[in-house]
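Each of the two complexes below includes chain A, the first together with chain B, the second together with chain C.
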Partner chain A sequence: MNEQTLTINGVTVVYRPGETILEAARRIDVDIPTLCHDDRIEPAAACRICLVEVEGSRLMQPSCHSKAQPGMVITTESPRVSRNRQFSLSLHMADTVSDRTIAEDANPNRLFELADVHGTAGVWAHVDSPRQGRPLDVNRFIHFREDRCIGCALCTRYCDEIEGVTAITLAHRGALTTISTADELSLTDTTCELCGGCIAVCPTGAMTEKAALAYGKPEKELEKIRTTCNFCGVGCQLDLNVDRAANRIVKVTPPPPGTTVNDGNLCVKGRFANDFIHHKDRLTEPLVRDADGVLRPASWDEALDRVVEGLQGVVTRHGPHSLGFVSSSRCTGEENYLFQKMSRAAFGTHNIHQCAAT
Partner chain B sequence: MTDRRREEVLIRIEHAGGLTAGVSNDVHVGTGVAEADVYGVATFYSLLKHPNEVRVCQGLSCHLAGSGEKIDALSAADTPFLAAACLGRCDEAPASWDPRGKNSLPDVHLTAASDDLSINLAGVDSLSYTGLTAARDNGADWVIDELEVSGVTGRGGAGFPAHIKWRGVANQSVTERYVVLNADEGEPGTFKDREVILKRPHLVVEGLAIAAHTLEAHDIYCYVRGEFGAVRDALKAAVEEATAAGLLDDDVAWHFVDGHGAYICGEETALLESLEGRRGMPRMKPPFPVEAGFRGAPTLIQNVETIATIPAILARGGTWFRKLGRTEPGTKLYCVSGHVPRPGVYEAPMGISMAELLDMAGGVTGTLKAFSPGGASSGFLPASMINVALDFGSLQKVGSMLGSAGGVVLNATVDMVEAALVQAVFFEDESCGQCAPCRIGTQLVRQALERFRRGDADALEHIDDIAWGMQEGSICGLGQAAALPLLSAMKYFPDEFQSRVSS
Partner chain C sequence: MTNSIPEIRDTDFMLVIGSNTSEAHPIIAMEMKQAVRRGAKLAVADPRAIWMSSIADWHLQIEPGSDVWLLNALAHVIVAEGLEDKEWIAENTEGFDTVKETVAAYTPEKAEEVTGVPADMIREVARAYATTRKAGIYYTLGITEHTTGTDNVYALSNLVLMTGHLGGPSMGMNPLRGQNNVQGANDSGATPVFYPGYQWAKDEDVRAKFGEAWGVEQSDVPGLNLNEMMKKMGTHVKGMYLMGEDIVMSEPNVGRLEEALNGIEFMVVQDIFLNESCRYADVVLPAAAFAEKDGVFTNSDRRVQRVRKAVDPPGEARADWEIILDVMERSGYENPRYEGIADVYAEMASLAPKFAGISHERIDKDGLQWPVETMDAPSTIYLHKGGVLRGKGLFQAVEYRPPFEQADPEYPLVLSTGRTLYHYNAATQTRRVDGLAEKQPEAFIEIHPRTARVLGVEDGAMVDVVTRRGRVRCRAMVSRQVKRSTIWMPFHFAEARANLLTTDAGDAVTGTGEYKVCAARIELVDDPDVRNVFPGSYQSPVELTTKQ
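And then the complex of A and B:
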């Protein structure tokens, strides 16, 4: 058996070699709070809220990083551990926006969510941080709000380790540590693919969607509607964040990592290319041209009859191979199958192609 | 497997004249390291970010010698300069340093040459290399056993037994191994490693050669503080001299790497990160460098002074060295600066008191009020503790530390609130920013002190909680010690804090 045991809060836990204390604790549903951790990313152990007591260690150990060892005796609930969690929350709050309403004006804020559970060590004087933003970044989608950044580097590590893009980096040091691009360029002048993953992993909304911020409604007041992205055939799940009262999609967020096929990731299209939904020029019903060439609304039956009439006319006049069918990678496999069937069986041509085929 | 092109990043930025627009891209093209990554690395280091500005030291010793007035005068005259955390020139306070200048150093006061000193700064730096000969003749086990008998501990500040590190590397099954010299001296009040290399470079070269021979390493990396160009040159010259004399193993390559202006790179794992071309942020431990250090291989990292004790230990025996000490083994280099007539580097038996050191340094200029026994990280002790033994164990017992033994002497004119603020500014400036307790905590401490100084009596209200978390939660020693100057000032000089509140 490739399994070993240790003790957490007096309970014997069977874990697999290589697991961290955090992972071992999850096996018995012991919740250890984290701020700078994401299971997909190498641990940084930078926020220090996940420190736990390990018998024999003078200092508490970061559970996100420390490997479980056979026979370890771990305590995740003690006055010392609690004091550190509360210290950590007061500390981070002193360095970011302390008014909860403002802090949650757009994205959720994990600091306050954790404070609800673990409490704080009190409200400390606000740190007048010299951290710099990137006011000259003109990209359309992603906004960095330096006053909310807690320097956890989840965004830069995500960009580097998950996307393999490394468009953003931790820059400067100490109190000046901030998130920057090379030479503070706009994201659109860097290797950035505008996937928005930095927004998804940010625990405090320092990375945020520009359009949703302008819309002005906090994410917690929006309803999440799970759907499948139809920009390509991968089948990424995404959550439409809907303002019911206004019947409007405000933004798109990825479902949490580990829950769907896309594991918390989206690409620029899935995340940001949704402004067509409410665009004034969007077609919402079939249109056909009158005899004088002017488009007018029609029923689906009428419109499809018109298509059939036109295509069959071409076949009659020039033969079936004068037709060609091009399908879209936005279609599902089933839809693509039906489309080639239609091309071959209904119109008698094998001139059928799909844009993702080459 | 680390990408070795990455190791060129810092030197390429330096050769480009520091970080200006476009340099990140050039270095990216040359090394394959992402452009943003290069930018992130460059902005971490003061000498890459600001390669040309004259530095004016605002460390404690320089502050006591009037650096504040110097800085005010330069500001008033619109002279471009940078206020620097510490320049390692506490003996010539108030110090300044010009990256493009010669920056000659005055002769520093030293202990007179004696046969009973392990380093003996005033002695003759010869090419005898008898320690290396002994190491070759007697083998690795003998060398490490002698180190164990000698009881020599790390003189960089941690006081970790050297033989454990050496044996740790020797016992690894991996054959790719490295020896790294930590000459990134930067603790305010400390300028001993500088003097060891300037005065006794062959002791350092011999010590390194012994380490490489004993541990079967084929590469020695000397990481020298960026502001210490002359020190690097002296070390290089000694290696060339020893090589020309045929004293060194020819299967060992010597590499010299300049620091780029970041105190934290004196922390051994931050130093390794810097050597590998990254931001100097300390690594999580374990694994320790003896197991996975430079390029992930077993690595011995030792401070200059520690390495310089090795030749004498092997030439004269571990027992001889051990007996030199009073309370702990060996002699030790103690720096003394601040309010003393003869600031200098004094070698004395481990466990000497500040009272005795002051005798060497010519007494106190004025009346003694307090002293910092081991650099900024050791906090302050009151004049009444002048007879405490200055060793690792005794100072730890009184809530301080020997650290790098950078003693700073404060006379009765010093305002302890101001002194605590000077140290708080240092730690805030030099925090790497990786972990929250240090990055945010050092800001909270400095800002609380400034508010307190401006008359906000409640400004220090949460300091105990903040200091507790910094000590418990910071990744490395910098953050763990950063609140100590303030805490010790409040503990030993409560009246000075109280009087501010009442006035």
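And then the complex of A and C:
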């Protein structure tokens, strides 16, 4: 295959067939800002933030969508590019909440972050969009705030292309364009699988988490702890968003796309099934069963003595191979190591198996 | 998995068998959906119509338990049409001739009679698989939870070996692990046959090595596997220590197990919730959840990744490893002094060459995929690169054997069990998440509309599901997802435990129970309001603290 080149900001770049200008630029570390773009999703060229100048073209081109062509001469930073970017940012900002504190009340707001870096063309009169919400949606997890939405359709495209369930869609036209479901049904009554990907891709916090919103602390005030999901065997990486002072996990967010095995995706359990951690039913103290047959609270000291007495009693009466040890494929590797070491080294039997064996 | 999860999106053909991927492994399903969007072909073999079969090029809707027939017929077509990779077979394998002889009898036409899959579809899938280079096989418990589980796996690996779909990207033989750390628990030696790193316990030298490292002579008495422990409960097994496992929810034929549990002398349960098994416990120890401790999990593609403490455990609950260390110490065993959990990993890595190059420090940012044998070795993205690991890939000819139990006049339906998207195994965690409990509040049994009509069962009615082992009441879900001869229910619900119904007949090699096939019948319930559910919360802690 012939090598084909184009020029970006005076640098000659060899590009791969089918590559976009954005992809070619990234390979030489030229940063073109984007808002409605996500590497996992087909480009839509909806937000116009990524427009660049192409020599010989009267109009600027959306770099996320325009394919690289042989001999193209591209300028990603110029007064014209900058003017356009600021104009587009002002337009979008006039379409969402203007108060930054409110705009960042829950999720980070990429629109404001871009405005910080690139500036705007000024604060324009707020467009009072008559966009419809779905206030009656009874699902417990995902909340759509129509006043934040700028219609970039990242959420609906994610739902179509990545999760593949097409539960949400763009509805109506013009200023009325909104994110809706078939017949405005609750998400729980649609094909939605509650993966929450719409929340992760939304740049303005229009899609947000009900529980975290009710908790009332913005994401930027929470500490992110990277860990591995405790459900199935995919090994998704999660960021637990922790309110340190309250010793509480407020929500779970995925690491950025392209950085971990789950590529920025999570499922309903990974993202939302964390209430159990702080559930009132959690065991908080050891229990021992008395002669009357009832489990009662006990100190660790007493409980551990009972454990050792009980296990050693069985060994004395019936030998070590009358003990059975069952460990958990939900516990860590180290815990499973120590558990089998306990069985083999402290109690002298190979009767140890992890729970997933049958 | 021989290969890695991120490779799936670049594959050109997928055979998904016995895996309801979009419900059990949603993120892997996303990769598969990406591949299909890109133009990859997808064949789904499953007795049920599932989400993945709705986007598949072929849905091989097999009779439960007829996997060997289907897989041998696929092999038959490959051999009959000369599509096998003769050069690769000659270089990399042994035993092909016996497989060739065995599969000769498994014609697609006869396979259609047994499996219900049209002969032409079997031919098409066999051709597509054999002639596509980047072709991967993905399977889960629908393959292994059978009395023929090992045979099913052999039959699959025969397909891989005869086509040479091994040792390259986006292909291979890929079991998707059901739990976060199934791989890691096996890696750590939590199995009677292996010490950490798959070193055989039956090997005298291995026992001597661990005996020396741990300072205690190692027993030469072979250990019992989980299935054997459960079957010998009360007779041979007199004391149990359960860590993070709810056996009376999860083991097959639990009715019998529960009777046997009354015959044991002592049982410890260590968990984050008061689970069903606590009814039989003498001591219950409160453990920390995954977000409250440090360590590693190893996922399906052998990726060792960090688990980090984000919050403190509630009350006096403690991490499982801290509890184990205390029990060991009090029972008179002296461990070396561990400064933290990283030291425990280091001890294991020093005894298991496969993980010798892995440490907490190295996986701080990104995980590593084992084998990683030295501290400067990189991840192993896919196995068998540049030749089969054991030298020669060994073909294993297998003949079809019927499941332990088949439908008969008394129990005319085949019951299969499984997981749903919204819950997880014993569901002690997911049923405590309101949004999930609302989405899927109760147990159900899927019945084909025509079967339901014959029985007089209406959608949403309460019915009894009955097998030779037990009876469970749940709601009928009339659905075309199942075939007329099959019924299906999830195993998440304590008040309608599917495992009162399942058979504990196990695979001869692994002991894994046949959760996927048993004979059953449906009985109508006179009083539709009768609900066998605990009031209020689905589990009543009061009920659980009193021994039955």
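Methods note: the second predicted complex is superposed on the first by the 287 of 358 C-alpha atoms of A that agree within 3 Å, B and C clash if a C-alpha of one lies under 4 Å from a C-alpha of the other, contacts with A are read in each partner's own complex, and residues count from 1 in each chain.
We adopt the following convention: contacts are C-beta pairs under 8 Å (C-beta built on N, C-alpha and C of every residue); 3 or more make two chains touch, one makes a residue touch a chain.
In this text the structure is predicted, and so the values were computed from the model without any measurement.
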Once the shared chain is lined up, is A:7 touching chain B (first), chain C (second), both, or neither of them?
neither
Pick one for A:132: touches chain B only (first), chain C only (second), both, or neither.
neither
Once the structures are superposed on A, label A:180 by its partner contacts, choosing first (chain B), second (chain C), both or neither.
first
The answer to whether chain B or chain C touches more of chain A is C
Is A:170 contacted by the first partner chain B, the second partner chain C, both or neither?
first
Kindly classify A:88 by the partners it touches after superposition: chain B alone (first), chain C alone (second), both, or neither?
first
A:75 contacts which: chain B (first), chain C (second), both, neither?
neither
Looking at the overlay, what does A:304 touch: chain B (first), chain C (second), both, or neither?
second
Could you tell me if A:162 is touching chain B, chain C, both of them or neither one (first, second, both, neither)?
second
On chain A, which stretch or stretches are contacted by chain B in one complex as well as by chain C in the other?
none
Chain A residues within the chain B interface of the complex:
44-48, 51, 59-60, 62, 65, 80, 83-84, 87-88, 90-92, 94-95, 121-122, 124-125, 127-129, 150-152, 156, 160, 166-177, 180-183, 190-191
Could you pull out which chain A residues touch chain C in their complex?
139-141, 161-164, 188, 193-195, 225-237, 240, 242, 247-249, 260-263, 265-270, 272-279, 281-289, 293-295, 300, 303-308, 310-315, 317-318, 320-342, 344-358
Please name which positions on chain B make contact with chain A in the complex.
21-22, 24-25, 28, 34-40, 43-44, 49, 262, 264, 279-280, 284, 428-437, 439-444, 447-448, 451, 459, 462, 465-466, 468-469, 472-475
